[in-house]
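One chain, chain A, links the two complexes that follow: it is found with chain B in the first and with chain C in the second.
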Partner chain A sequence: MLRVENISMRFGGLLAVDNVSLEAQTGQITAVIGGNGAGKTTLFNCITGFYRPTTGNVICNGYTLSALSRADIAGRARVVRTFQNIRLFAPLTALENVLLAEQRRRLDFLGNFLGLRTREHLAAVERARGWLHYFGLLDVADTPVAALSYGQQRKVEIARALAAEPIFLCLDEPAAGLNPSESLELMHLLEGITREHGVSLLLIEHDMSVVMGISDRIIVLEYGRKLAEGTPADIRQNPDVIRAYLGADD
Partner chain B sequence: MIERARSALRFAPLALVALPLLLNRTGLDLASIWLLYVGLALGISIVIQRTGLLDLGYAAYYAIGAYCYALLGTVYGVSFWLCLPLAALLAAFVAALVGTPLLRLKGDYFAIGTLGFAEILNIFIRNEDWLTGGANGLSDVPRPTLFGLDFARTPGEGLRSFHEAARLDFSGEQRLMFYYFIILGIVGLLVLLHRRLAKSNLGRAFEAVREDEIACQALGLNVARLKIAAYSMAAAIGGIMGCFFAAKQGFVSPESFGFMESITVLAIAVLGGGRPLGIMLAALVLVLIPELARDLQDYRMVFFGAILVVVMLLRPQGLGGLRTPSVTARMP
Partner chain C sequence: MFEHAPALVYFSQQLLNGLTLGAIYGLIALGYSMVFSILGLINFAHGEIFMIGGYIAFLAVTLFLGFGLSPALVLLLTFTAAIIITSGVGFTLERICYRPLRGAAKLAPFITAIGASIFLQNAVQLWQGSQPKALAQFLTTQYELFPGLVISATQLLILGAGGLLLVLFTLLINKTSFGRQQRAVQQDALMAGLLGIHVNRVISATFMLGAALAAVAGTFVLLYYGVVDFTMGYLAGMKAFAAAVLGGIGSLPGAIVGGLILGLTETFWAGYIGADYKHALGFFVLILVLLLRPQGLFGKPEVEKV
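Presenting the complex of A and B:
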């Protein structure tokens, strides 16, 4: 379980996140939605260690994330994130990008450098291929990612994050920049990550319709505060959400 | 055409082994200097091209290696062969020490920091006469021997001379040829190291650091440690080269390790595009031609600059060619 306890984040005079608490259950898909400037990405950056929250704690897998370095949040607490503006290693191939997430231990580096431990290396390549296959990217595995389409790059980034073996995978607007059919396909793939591969998801999305179909639990943010929380059905009927987020009929 | 050129390249190592047979004294000396710069550029390219850190003070590690052998050799009589790994270790240790604070700096600031460190070291060497001999340097650095065989006309104490053991007439070329083969061996190992790096997790992680540090952190890679590893690895190579340089010259002075030295090595690595073959070509152009055109005196530098400009315009990626992936999906 990933627990966010009373997180606030202040930038000078701006309170971007105001005392937000939430829980994301293991084995489920949790979505955080909200309009532009609702504080979604700020909250997300606090969870994954990219910001140090002004107050509050994030606890996951027995670790207090706000006390760990970014690398340790991914490597030890196994909370791995992707970025809204895709951050891939451009000249490297898709396979190389995914393989990079496999190598965290110092011994892997040394052994592989000396040409030892090849069995483990082959196993790592096999796992990386597996994730590329899951996203239908095996054909472009040896292509430098800079040459891939935007949709493919997004999938490579998610495959790479999965190769880091996260317990919680945090995706920042995974559907941004995708057309409706691409985004639908991606949501099916994301659903499979949780239902078939057992990786818990925490999604951030501004387009509510995208996550409605796959989420177990939805948290709605507005102006840095939590507006509502519940199942997709609850959220759909919540009058506050309808008024603030979907727009009210005046 | 390209295929044929590539298969011909397979014989390049053989050609390099046979090369000394064709060369006279000057030629042998130049060939050793060429390989010395190839080695230095192979070292610095690990930081510059692979890890994307601009190091403007590489000569510092070259100096550390050279003074390591000059001091240990003259004062304690430590052998050249033992000093090679010692110089590498010392340079890597200093790099880890200096790199820990320096590598926290980003981009240009790191570059200026390395420049500062190299200048401080150079000034230290110039002024601490009791240790380094100051601006006069250290002379009579012991010559390396081959399994106890000396390459002098009259062997040192307790040594046999090479020409007697090999039943040859004494000739100064034997020593020069010996140096050539030492540096050829070292550069050969460095080329292998480069290939290994290009195929390994470690080399790939260095590249990832170059491309996007934040993405590295998000994957749990320890960026600081990777940078120190790359910086120390390059420094170790610089140390080895310095050790060889001191042995070959028999004399070290701070003159040899100034800012221009760092810049020359950097230019070779950039021109060579970070790959061994490109670096060999670049070193040929940037070291040998100015050396042969000594009569032109300071106009050499104009020439040097012109070559850099032309190559960077025609081939911004350097002479080395494009990147090949470290691993492929079909043939893991």
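Presenting the complex of A and C:
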């Protein structure tokens, strides 16, 4: 379980996130939604240890994230994130990008160098190829990612994050910039990550319709505060949400 | 055929000498380029790391020759000692001088690098005295390939081992998981950290690797010229830096090619025109290249992000 306890984040005079608590259950898909400026990304940055929140704690896998280095957030607390804009290592191939997360623990000079085909190395390559296969990227495994399409790059980025073996994978607007059919396909793949591979997801999305179909639990933010929380069905009927976010028809 | 063409023999001899010098510059230049590509820092203390490598090699050769070991064994032990100890110095330098300044203004580590360079130079002077250290006769065999064309055992070693090292190094960066991590940190250290890569370890390893290459270069210089002194890091460091910029700083093949170009230009200049201005020539070539191609031979033009 990923527990967010009373997070507030203040930038000068602006309180971007105001005392938000939430729990994301293991084995589930949790979505945080809200309009522009609702504090989604700020909250997300606090959750993934990217910002140090003004107050509050985030706890995952028995670790308080604010006390960990970036590498330990991924390695010990096992929380891995992606960004809204794609941050792949452009000159590296798709496979190299994924392998990087796969082999993060080893700073290998000799083993890999002398016995270029150690069993451990082969196993890592196999797992990395497995993730690429899951996203239908095997045929571009050896292509530098800079040459891939935007949709493919997005998938490589998620495959790479998965290779770091997170308990919680946090995705910041994974469908941003994708067309409706690509977006739908990606949501199916994300659902499979949790349902079949057991990796819990925490998603940020501004387009509620994208996540409605796959989320177990939805948290709605408005002006940095939690407006509502519940199952997709609850959220759809919540009068506050309808007023503030979906917009009344009148 | 060579007997009848003294000009060709002379040219070949200069070429051989130039490649030897160029390999040494290339090895040092790699250290500049690697550190620059990962930290955006010109490590001006790198020339001193090279000088320390030369001193360690001098002490090691003297010590092991004293034991009456065979020359091959002395060489092996000397390289091992120089590489291990000098990498340790590189590691310590990064740890003490640069890591605490991570995230500080760009100028701060730059000034620190100059300070570290002065400190290391003076420390070695205090430790080993200000007189140059000359090596007793060691590895002075020469082979005459043709009448007039001579290659020394040291040159063979430098060209052979230096070339091998450059190939191994390229493989290390392009084929191993360490190399992959190094390239990733170079691209986007923040994202690499978020994927669980220990960025500081990769940086430490980069410094150690650069120092190890500099130690090999220092040992080569000791064997080639038979002498080390505590100021030798300054000029060699400046020239290797020029070589790295010439090739395109941050580019590893660029550093090697830049080193070779500089070594060859200097040697041919000295061989055909005269030893005057030999040291200035490298910088003249640098100025020319930068005028015509500011990013260096292999560098990518810097794109201003808006």
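Keep in mind that, in the parts below, the second predicted complex is superposed on the first by the 239 of 250 C-alpha atoms of A that agree within 3 Å, B and C clash if a C-alpha of one lies under 4 Å from a C-alpha of the other, contacts with A are read in each partner's own complex, and residues count from 1 in each chain.
Definition applied: contacts are C-beta pairs under 8 Å (C-beta built on N, C-alpha and C of every residue); 3 or more make two chains touch, one makes a residue touch a chain.
Treat the numbers as computed from the prediction; the structure is a model and nothing was measured.
Clashing of chain B with chain C is the outcome of superposition onto chain A. In the superposition on chain A, no contact is made by A:His206 with either chain B or chain C. By the touch criterion defined above, A:Leu95 reaches chain B but does not reach chain C.
Of the two partner chains, chain B is the only one that A:Leu138 touches; chain C does not reach it. The partner of chain A that touches more of its residues, comparing chain B with chain C, is B.
When the shared chain is aligned, no partner comes close enough to touch A:Arg225: not chain B, not chain C. Of the two partner chains placed by the overlay, only chain B lies in contact with A:Val125; chain C stays clear of it.
Within chain A, the residues touching chain B in one complex and chain C in the other are 48, 50, 69-71, 73-75, 80-81, 83, 87, 89-92, 96, 99-101, 103-104, 106, 108-109, 112-113, 121, 160-161, 164.
Residues 48, 50, 69-71, 73-75, 80-81, 83, 87, 89-92, 96, 99-101, 103-109, 112-113, 116, 121, 160-161, 164 of chain A touch chain C in their complex.
Partner chain A is touched in their complex by these residues of chain B: 196-197, 200-205, 207-208, 211-212, 214-223, 225, 229, 323, 325-330, 332.
Those residues of chain C that touch chain A in the complex are listed here as 171-172, 175-178, 180-181, 183-184, 187-188, 190-199, 201-202, 205.
On the chain A side of its complex with chain B, the touching residues are 48, 50, 69-76, 80-83, 87-93, 95-96, 99-101, 103-104, 106, 108-110, 112-115, 121-122, 125-126, 129, 132, 138, 141-142, 160-161, 164.
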